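As written, the chain order gives the labels A, B, C, D, E and F, with residue 1 at the start of each chain.
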Amino acid sequence: MDKDTRKLLTIVTEAALESELAQVIRRLGASGYTIVDARGRGSRGVRDAGWSSSSNIRVEVICDIETATRICEYLRDHYYRNYAMVIYLSDVTVLRPEKF
Amino acid sequence: MDPVILFFLLGFIAGISRSELRLPPAIYELLSILLLLSIGLKGGIELSRQPLGDVLPQSLGVLIMGFLLPLPVFAALRFVGRLDRANAGSIAGHYGSVSVGTYAVGVAYLASKGVTYEAHLALFLVLLEMPAIVVGILLARGIGRRSDFGRLAHEIFLGKSIVLLLGGLMIGWIAGAEGIAPLEPLFFDAFKGVLALFLLEMGLIAAGQARALRERGPLIIATGLLAPVPLACCGALLGWWFGLSVGGTTLLALLAGSCSYIAAPAAMRIAIPEANPALSLTASLGVTFPFNIFVGIPLYFALATWLYGG
Amino acid sequence: MDPVILFFLLGFIAGISRSELRLPPAIYELLSILLLLSIGLKGGIELSRQPLGDVLPQSLGVLIMGFLLPLPVFAALRFVGRLDRANAGSIAGHYGSVSVGTYAVGVAYLASKGVTYEAHLALFLVLLEMPAIVVGILLARGIGRRSDFGRLAHEIFLGKSIVLLLGGLMIGWIAGAEGIAPLEPLFFDAFKGVLALFLLEMGLIAAGQARALRERGPLIIATGLLAPVPLACCGALLGWWFGLSVGGTTLLALLAGSCSYIAAPAAMRIAIPEANPALSLTASLGVTFPFNIFVGIPLYFALATWLYGG
Amino acid sequence: MDPVILFFLLGFIAGISRSELRLPPAIYELLSILLLLSIGLKGGIELSRQPLGDVLPQSLGVLIMGFLLPLPVFAALRFVGRLDRANAGSIAGHYGSVSVGTYAVGVAYLASKGVTYEAHLALFLVLLEMPAIVVGILLARGIGRRSDFGRLAHEIFLGKSIVLLLGGLMIGWIAGAEGIAPLEPLFFDAFKGVLALFLLEMGLIAAGQARALRERGPLIIATGLLAPVPLACCGALLGWWFGLSVGGTTLLALLAGSCSYIAAPAAMRIAIPEANPALSLTASLGVTFPFNIFVGIPLYFALATWLYGG
Amino acid sequence: MDKDTRKLLTIVTEAALESELAQVIRRLGASGYTIVDARGRGSRGVRDAGWSSSSNIRVEVICDIETATRICEYLRDHYYRNYAMVIYLSDVTVLRPEKF
Amino acid sequence: MDKDTRKLLTIVTEAALESELAQVIRRLGASGYTIVDARGRGSRGVRDAGWSSSSNIRVEVICDIETATRICEYLRDHYYRNYAMVIYLSDVTVLRPEKF
């Protein structure tokens, strides 16, 4: 099978940002994204799905290193200061690399 | 005491004592959707019974009040409370706007007292939701950064609560009483039961907010306790000036004195990111909401009765 | 216009204007479960009032119609519309099958007109759901690949809608009117309110589908607009031949003219993977469903009345 | 047969035949919340009609029974069934405690028979839930490891079911019949419909458990079938000794013979981790619950009638 | 603690395939799987949990490299062409390696 | 952007343990966690979200290697024997490393 390595960018942040992030991610060149509802705790305290507006989402984006960097920088510049947000990167082997 | 308030107490106590009791978010959604539609439908049916013309001038007056209410709150927070501009604007927007839950409890209160009120209060509820939020944002940010005002407008005018309230109003207005009749079992007969469950969840949420009060400090408590009554008085006076019934005056006072926790937080989070959402939410849900349903409603009712020399 | 249709409009407008309004999936589930059970129970109660014997021959006729309905749709799509075999078969299966939501609106329409209909229409609803799906699959794939027909049968006969409709029918039939009486507040009195919420969500979904219409192109729009009426005529004629009441004939026409969006999509996705689910769903939800509840129902009612020289 | 039981059958059959039918967890939550509140409210209203004093001695007796019921079960499992201590204690706790779903079916059964029962049975339901769980844990672990008994108490006394039942009781007791009247459409009129949906889901769950019966082996089946009746007899005798009505005696027997599947599993999972939750759950949901609603309820009713020489 | 490295295979695909995948995964030798409801966007457009039949699931399988390859090849041969599906692999350190 | 590598600790276990784990994780020094509802299958059979008490949660913790080890050891000693639980570790690049 033809495989290739890509970056897996994971963002955990406030549910209120979902529609906004969805646009940003596409605009910055990623081919897609996967979103899961989440809850959790961090520097901004407990964020619980108990009440939608205060819950989290967990967004995954598979893309090449350049796109990943672009997205990270954009998020850092626009959301870091004011929103609950955690971002981390890892390497993954994707099938159908042409997709990403 | 009205049993629906006991449900709020139950939720609050359960929350404070960290019980595992929790309503699934989907259920909370359903309950608020039902409340919003019921209120809208009821208002629409009543409106369909009278010429809209009479309502327009009053509506205009209510809109204007909506734009003005945030100003005193902002001034107080900014210059007395020494709060930064972003948070002062955000909180002012919350208090200028309205709380559907509080309104629903008020309606139940009047019903249990057998007091009637004007049809178009539901319309006022819709009209009061948006203006204050816009003003609060302008107060926080100045007229600059117009760029995303389009998105903001979308956020405000297509938010869940507006769409359902306005939609309900329209449908009730078009279909009229007999048209809506078959919908009554779900939307009207079950109303108070739905409200009870809703308040149970509100109690749980309020408890969570109340626990956070310590960290938030005295300013939030003060705001939550002191803001409602003066604002409610503006509402009461306007209602009195309009010559509304005692019930209508009570509800208009309640609307003015209530604090948004659905529309405003969502809009503010996007429009004033630098404002700390915890502050406004704690004041609104942890202090003002309980204050209004326990102390406020009877107080505003007494005020309205007194205004009419009752 | 029936208010429940206004709820569909509300949802549709909210969806088109990209409002944030959304019903949680769990609530959509609950609403459809309630609708399916209500329809089943109502039918079952009525059936319990009459000897089953009389119903059997008609049921057989309805089954046969169910097997035949997809054929003309398939032919038209394949040879007029030049659509590939897989998609033609899948869409044909959708149109041969039925839509519970459409049926419910039709029932509400007749109720508001005070028109009665035969008990066993609910039974016909159940009987019409499956055959067309099987035929559609055969049309798309030929008789080959029998291998997983077991799984397919499971998919079809144990799908949510069949189980709840049939289950409701049985329970209503066994328990009878007086047995079901205590269940009426939830399943019958609240029926129309539940339907209103359901249509609100349908409107949101339909809006999403309608937005996709551009990409799907004219063929889908044409299918969605042209398929229902001819199919409905077959239903109407069969009902007339059976000597059903005007109401019953209307509903049978409506069933024939309606297009599945619950059972069929699920089954087709597994049985005809190469068919593009977006095509059939857009035609069904984005075009045919709105067409039927706005234009179709009154049209089929007029047709039925005309057939009986009314 | 009561239609609500047919809903259980429908769910069970659907589950056994691996239908896709599933109620979303959020809906199951909503249904159980409604059931718990309805039962609590109803009990509370009745209690508000009579001096509490009379109820206290009986309540004490019921509490004591709650502490004793697990002992015979534990002994039988440990020394006859040769089950390890942890599992024996856990299962004993389940059977000593009560099942709200079973109680609700019993209430519906009596209602359909037009048999009345004492107000405070709902109170007994609350009182019987906790003691057996504590005893079961002590049996499994001895008095050692007191350390996290605090957390356990929290787990037990602030668990969802207790809070809602007790809360409902209080609210009903404070507000009284006329206060609760506006809540009736949702909490009382819809009760049986809610119960029907709840049992539909219970049937699906029970089917899942029943499928696991093979692996669990004969001991679980034996426990599930043999435990209820003797326990129910204790309850019946106590009710008879109290001089309760036939209906009240039936329900007390049913409570004693029922097996917890909400409160107990949650508590045991934390307090007796080494006990296999599958064992107790299969016995409770896969065997005893169906046994009680099909065989048990009529049996205990006959027993009660016989005790009073009826 | 005894640890060992395994492959973490993640599949994002249509909810309609859940029961089928669950069987396949076990049949091809994995000891288990974890499923989470998801929504997202990709080459087949937006797939939103708003309507169950059109939502996604995110499936994780921890297994050895051979099993992972077997599963990947099976999915490629049976689902790639006709279903919305994204697959990626990464290395993880598992505790209790004997389990996988 | 200043990045750094951390450990991503993922725990899949019984929903009943949520509140307990949340405390443990914080006590052992992690700055936060992210929780997602899950269902799945493993050595203890199918665990389905269909019924809350029998469903799973998927917990992610980003932390340094020491904390990760501490948490793993604690979980091993306290939950392994009696609870359905799977744990795995991977390396991730985090932004704002000072947070973790």
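A few notes on this one:
Definition applied: contacts are C-beta pairs under 8 Å (C-beta built on N, C-alpha and C of every residue); 3 or more make two chains touch, one makes a residue touch a chain.
Here the structure is a predicted model, which means the values were calculated and not measured.
Think of each touching pair as a link: the shortest run of links from chain D to chain F has 1 of them. Under the touch definition stated at the top, chain C and chain E share no contacting partner at all. The distance from the centre of chain D to the centre of chain E, each centre being the mean of the chain's C-alpha atoms, comes to 40 Å. One inter-chain figure worth recording: chain A and chain F are separated by 19 Å, centre to centre, where each centre is the mean of the chain's CA atoms. The geometric centre of chain A is 46 Å away from that of chain D, both derived from CA atoms. Under the contact definition stated at the top, the residues of chain E that touch 2 or more other chains are 36-37, 90. Multi-chain contact residues of chain B (touching two or more other chains): 24-26, 29-30, 185, 190, 266. Listed by label, the pairs of touching chains are A-B, A-E, A-F, B-C, B-D, C-D, C-E, D-F, E-F. Against chain F, in their complex, chain D makes its touches with residues 22, 25, 28-29, 204-205, 208, 212, 262, 265-266, 269-270, 273-274, 277-278, 281. Note for the complex: chain D touches chain B at residues 24-26, 29-30, 33, 154-155, 158-160, 163-164, 167, 170-171, 174-175, 179-180, 182-187, 190, 266. Remark: chain E residues 1, 3, 6, 8, 22, 26, 31-37, 62, 90-96, 99 touch chain F in the complex. Contacts from chain C toward chain B in the complex involve residues 1-4, 6-7, 10, 14, 17-21, 23-27, 30, 108, 111-112, 185, 189-190, 192-194, 196-197. The part of chain A that touches chain B in the complex is made up of residues 14, 16, 20, 45, 49-55, 79, 81-83.
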